[in-house]
Every structure is written in structure tokens, then in C-alpha cells.
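Following: one structure in C-alpha cells, then a few remarks.
Labels run A, B and C following the written order; every chain starts at residue 1.
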Amino acid sequence: MRKLNPTFFIICTLAVVGIGFGVYNEYYIGVASLMMINALNTAALNVLLGYTGIISIGQAAFFGIGAYVAAYFSVNLGVPPVLTLIIAPVVAFAVAWVIGYPVLKLHGHYLAMATLGFGMIVYIFMNEFYDITGGPSGFMGIGSFHIFGLNFGTEKSFYILMSGFFLLSVFLYEVFDKSFLHYKLKFIKSSESACRSYGIDVARTKLLVFSSMAAITALNGVFYTYYTHFISPVSFSFKYSISLICMAIVGGLGHITGGIIGAVFLGFIPEVFATFDDFEMIIYGGLLAVVIMFFPGGIAGTLKKLVKKNA
Amino acid sequence: MQFLYSGLTSGSIYGLVALGFNIIYNTTGIINFAQGEFVMIGGMLIYTLFSVMGLPFPIAFFGAVGCAFLVGIVFERVFIRLTRIKNELNLITVTIAASIIIRDVAMHVWGRDSLPVKEFIPVFNIKMPGGVISSQSVLVILVSLAVAFGLNLFLKKSRYGKAMRASFDDPVAAETCGISVSTIRVMSFAVASLLGAVAGVIIAPIMFVTYDDGIMTGLKGFSAAILGGLGNFGAAIAGGLMLGIFESFSASVIPSGLKDAVAFLVILLILFVKPDGLFGKKKVHRV
Amino acid sequence: MLDINNIGVSFGGVRALNEVSFTTPDKGITALIGPNGAGKTTLFNAITGFVTPTDGTVSFSGENITGKVPEDVFMYGISRTFQNLNIIPELNLRQNMYLGFIGKEKPSPLKSIAGLNRSYWKDAEKRIDECMDFVNVTEYAEMTPDSIPYGVLKNFELARAILSNPKMLLLDEPAAGLNLNEKENLAAMVKKIVGQGVNILMVEHDMQFISSLADYVICLNFGEVIGKGTYKEVRENKEVLRAYLGDDEV
């Protein structure tokens, strides 16, 4: 294991604390909370795409599965939210394992299309099975997250809850980045055949990574649902999967900070360009195109290069 | 049997879209995630030229299709050619990015609403065994066949067409004979865009055109392409027709909202069971 | 050591390998030669499990390994290199070495993250240093591949391959793309590795390279064995000459 680099964690902590104490406008607190959720989803996608080379354009499905499972269990079955934090990821893990078993045998555009197809199917199911999900009109009346009598119903309190989870995740991702698992995955991305001839069970490793990231994404979905109190399929469509890809690539694939940087950077755009709200997608698409075409390392990668040059 | 006729109609469209995928994939190895947007553009252009500006149909048609041809050229020159590192992930992503941009531009130009396009020919129903087929549907099927036939002629007789076929078979040998990869690539995107636009034009009167139609159309066209197999063009048309008929048939037995899921289930099934498609050539992978 | 018994491989209608049989000596270097397309890489793939033979068996030190997946074949002590170097450009040479043992020892990732297994990793790093030193690439350890000469990278492949202490090494065209100096260097490395008791089977085209190294040579053509023996014997084999030079020249 290599030494952990605390820099990014410190930056994130300062930012989170700074926003927590310095920002009074509840709307912006909410934006920050959502940004953290997106950042963690993007970080998970980064592990899949940037480290292991698994092109998954259906991550929104797992986000939605997490949200709907939590909503269903807490509202319809009266399960305490804490338990849904466990149930939802487990369900997502299982679904991902079953789907992943055949899907991960594919590569390149076949894999991309298969994950896209899977995401679409889940989306269509969310719309169709309205007895369970509420259909296109959505699932209403989801409570707040509460534990040990503490209720995280306000913007501020949810922000604190989310911040804790966010910082913990940043730490764990850093641990991952400095572990040998990091190398194992990158070797798999580079050449599965070479890995197999060196004794690595590539199929099983990919399945574990895919399912774990699905579980993490579902966990984010659980937080999301206790924040918005109302979920509908629109939030879990192909468009969200694509925006995750955008954030991951713009942030920088293969660099552990990339996912979070990308989500924050792209998360600012609709806020900064509030009047240009309609041009959000063009900016997303344009940034993605520019990064892919000229700066494949994304923000994180380009920064690293600059640091190296001046070192 | 009614499903057969509606299936043939939608299937013809899927077939044209699948042809577009095939052309680009066979010449460049790229899967163009923006293929569906070319269809959408065709529909939008015919709306503007025919319904709004009131141009006579033949002029509007060639205008729309010609514009789309240019769009294809610009698309390749900007998004593909300028991409520094042309590996699979990058090319997939850049076409995704392009599709986002095209879609959003369309939204700004034409708005979010579904736009109606008037029929090109008088609408009447023709009685067929087991159901009826509308004149519009017949037009769709005939035009698709004509286009497929025309494409076949182009590939067999014209200079560019032969050059493209040489590139399909053996890109390296073709380059050695002086066929420039760059030119072939531009041509294939232009032709694919043209095919997509034709599909968009002929289906426009039947289904209103909306700026985000492209996603579904593209995915279903891709499903058809995979079903037939990315190897040859007859397979694309066959795949499209099969998908269209199967989808129509399913709509009559399962809740109609799930109809769209059929195409995606087909994608998954084919990729698991026979990734080279029903008629595709098997690919040898070097370890 | 490696016993290939009547191996046949068919891809659809193509018979890539047919009734291929030979046994490598317990010590030393065996060379696998033959014109392009003869089936040499297919044979490697059949041995290492990337391709399942349609007939015949592969045995290693008496154990039947036919049809086993590559991950398992590795655990029997067979290491393999590929024609194209599988080196990650963003990592330096030392980090690229890690591939060589991640699969073999399978340390529990959770334990590693928790900071246990410290002695395991220390030993692993020591072994990496040893192997790099063995093939003389230590000075390049902290550099990334783009600044390293091709010949050195080829030696690095050897270092990585012996990391797991294999009993047998399968080398796929190790000398390809090297100049004369680099080839001599490589030959010396290969001899050194054999001296440590590792058995080697290599596919090669360079006859001179083989002549200085091979104890046993097998020649394939069109998927069949057309000659086997010492370098000298195979060199003079009429069938082999015909395969390489064509009928007129023989």
C-alpha cells in the first residue's frame, strides 16, 4: 500500500465545513447536498469506467433502485430508514450481480449498449409498475431520515448528514486509490488476457466491482429519497446516466479526485449560468466533447500534468 | 395480422437506422450513438421546409436530405476528425456528446413540443388479409426499400461506393491502394446521416416530430443492427423488419407501456446469446 | 515437463492444430518455430487455456491441465508473455511489476487495507527488486514506459514473468523488434533464468537467436508438427526447409 494523500480530503472537509457555516441561503445548501450525491455517484462510475474499464451507461438504474426500494420499504412497510440503508444496497448488489454475470462478458460498445438497454428497461419498469412505484406521477410522501430520535428533515440537518457520509466516502476512496486493488483494476482495464495469465480471476473481480459500485450508487439513492421526499422515474432516466458519464470524464477518469471534481464543476454550471438554464445540455455536451477531443485526462488529469511539469 | 403491417412500417424505419449504424461501423469501427439524431433532424427539416415554408414536397425532401448529408460531413469533421486519441471509449463518448449537443440545438430551434407534419400523399386505407394498411405505411415501406436498393447500387457501381466496400473488407489493403481513410470516414457519416434523415422524413407524418425522438429511435435502430448482425446490409434491413414485427406483436399481448422495453430486451438477449447477430460474420479475436 | 499429446484445435471449419504431440525436456529451452500462421500462438493459447483443445491433452509435470482457464494454469506454475507488451503507460516500471504477483498470492484486500499483511507486502517489494535486478532494469524502476527503450521493456517482461517463481515460462516472440545488441542481452537474460531452474518454451522466428539457446526445437506448419529434435537436426530437416523456402529451393 502506498501512503495516503490527505490533501484532497482536507480540501473537501474545508469546503464542506465552510459551506456549512458560511452559507445561509437554504437553496444553496440544498444544491450542495445534491452535488455531494452526484459526486459520489460519479466517483463510483469512475471506479467502473476509469479504473476497471467497464463502460456502464445505465448507472441511473441503480440510483433509482436504491431510491425506490428505500421509499417502498419505509413508506409501505414502515421499515425504519436505517434498515433501508442496508436493504437497498443489498438489492442493488444482487440485481447487478445477476445482470452483470452475462453483461460483463461483453466489451466496448456492446457493453455500453447492454448497460444502456438495462437502464432503459429499469426506467420503463419504473413507469409501468405503478402499483409499486407510483408510475410516472411518482412516489410521494417519503419521510425524512431519522435515527435514534434524530430527524434529518431540514435542509441544514440533511446537509450535515450528507456531509458526514460524503467525507467518509472521500476517505474510503482515497484508501482504495492507494491500495493494490487500484492496480488490479487498472491492469484489468489495460489487458484482461494478461491479467488472466497472471492468475487474476478477471470475471469475478469485474462482477464484484460492478455490483459494489451498484450498491454504492443505490445507497446514494436512499439518501436522495429521504432528501427529496418525492421521487419519479424522470430523475433516473438515461439522461442522468449520461450526465454521470459527462461528470466522470470531464472530472478525469482514473484519478480518484476526478469524479468529485467533475460533479462539482458541472454542478456549478446551471447555478452560475442561471439565465442560461436552457443551454445546460449544450454546455454539458460541449464540455464533454472538448475534454474527449483535446484533454482526455479531464480536469484532474490536466492538473496533474501541470503539477508534474512545474515540479 | 394487423401487427404485421404496423410492424413492417416501424421495421422499415428501424432498418434504415440500422443501415446507418452499419455503414459507419463497417468503414470506421465506430458505433455512432448520435445516429438517432440524424433521424430527428430529417423530421425537423421536413417540418420546416414542407409544413412551415410550404415548399413542394420533392423540393422539401431533397432539401432536408441534402442538409442532412452536409450535417453528416460537418459532424465527422468536427467531432471525429478532431478527436486526438481515437480509441473506442473516446469515440463512443464523443458521439454521445455530439448527440447531446444536436438534441439541445434542435430544442432551441424547434422547441420542446411535438410538431405535426402534413401527409405527403392522400391518406387512405388499403384492405389486407387480417387488417388494413394505410397508404402512408406503404409509402414508408416502399421508400425504405428504394433507399436500400439505391444504397446497394451506390456501393456496387459508384467510385466512392466501391472504395467504401474495399474499406469494409480490408481497411489496410484499401489504404495501400490509395483510398484515404479520412475520405471514407466522411463519406460514411454523410451517407449514414442521409439514411437517417430519409427515415425521419418519411415517418414524420405518421408520428409527430419531437426534439428528443432521437434517443429511442437510435437505440431501436441499434437493436435492429445488432439483431441482424453488424456485418452486412441485408442483415440490417432484415433485423429492422424483424424487430418491428416482433415489437408490434408484443404490443398486442403485453401492456402497451412495456412495448418499448422489447427492443432493449432484444439487445440484451442477442448480446448474450449470439453477439454477432443472426446473420453476422463471426469475428476472430486476437488474444 | 510439458507433455503435449495429440492436441487438435478447430475453429469452425478451420483445423488450426492437428495431432500435435511433443514433450519438452525437464531442463532447458524448447523453441517452437514455423512460418506465419502455422499455429504457434494457437498452441500457446491451447496450453495456457485461452483456447480449449477439441482433442488431445496437455499435461504439466504429470498433471492434466487440458482446458483449464488461464487463471488456473498460472497457479500450476506456468507463466506467459504476449507479443504486445502489456504495460500501463501511466504507471512506472515498478508499479507495472505488481501484475506479476497480484494473482498468485491473493492477499485479502480487506486485510491489506486494514494494514495487516505488512510483512507480506514487504516481501513482495523485495522480490520485485530482486527480479528487476536479475534482468538489469533496476535503474529504470521509477520511470514510465514512454521514456524507456524497447529492449529494456522486453527484459522487464521477463522480470515480471518470473516474479511468481514459475516452473515454466512461455515466451511469445521475445526477440521481436530488437536490434542485435538487445537480442544478445535478452539471450543472456534467458540463459540466466534457465540457470535458475526454469523451463522455457518459446516461439521465435529469429533462427540465430534460437541456435544459441534452444536445446530442443519443434517446427509447426499448417497446424502440424513437421519436425522435432535438436537445432541442427531440425535445420537439416527437408520438410522444415520446404515449409520455409518453398519447393524450388529444397
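For the reader, a short list of remarks on this structure follows.
Keep this in mind: a residue touches a chain if its C-beta (ideal position, glycine included) is under 8 Å from a C-beta of that chain, and two chains touch if they have at least 3 such contacts.
Keep in mind it's a predicted model, so treat the numbers as computed, not measured.
The greatest centre-to-centre gap from chain B, using C-alpha centroids, is found for C.
Located most centrally within the structure is A, per distance between chain CA means and the overall CA mean.
Averaging C-alpha coordinates per chain places the centre of chain B 47 Å away from that of chain C. Note on chain placement: the centre of chain A and the centre of chain B lie 32 Å apart, centres being C-alpha means. Centre-to-centre separation between chain A and chain C, using Cα means, comes to 41 Å.
Residues of chain C found to touch two or more other chains are 50, 82. Residue positions 287 of chain B are each in touch with at least two other chains. Of all residues in chain A, those touching 2 or more other chains are 193, listed in ascending order. Listed in rising order, the residues of chain A touching chain B in the complex are 49, 55, 102-103, 105-106, 108-110, 112-114, 116-118, 120-121, 124-125, 127-128, 193, 238, 242, 245-246, 249, 278-279, 281-282, 284-286, 288-289, 292-294, 296. Residues 1, 175-176, 179-181, 183-184, 186-187, 190-191, 193-202, 254 of chain A are the ones touching chain C in the complex.
Those residues of chain C whose C-beta lies close enough to touch chain A in the complex are 48, 50, 69-71, 73-75, 79-80, 82, 86, 88, 90-91, 95, 98-100, 102-104, 106-107, 109, 112-113, 115, 121, 164. Looking at the complex, you find that chain B touches chain A at residues 31, 79, 82-85, 88-90, 92-94, 96-101, 103-105, 107-108, 215, 219, 222-223, 226, 255, 257-258, 260-261, 264-265, 267-268, 271-272, 275, 287.
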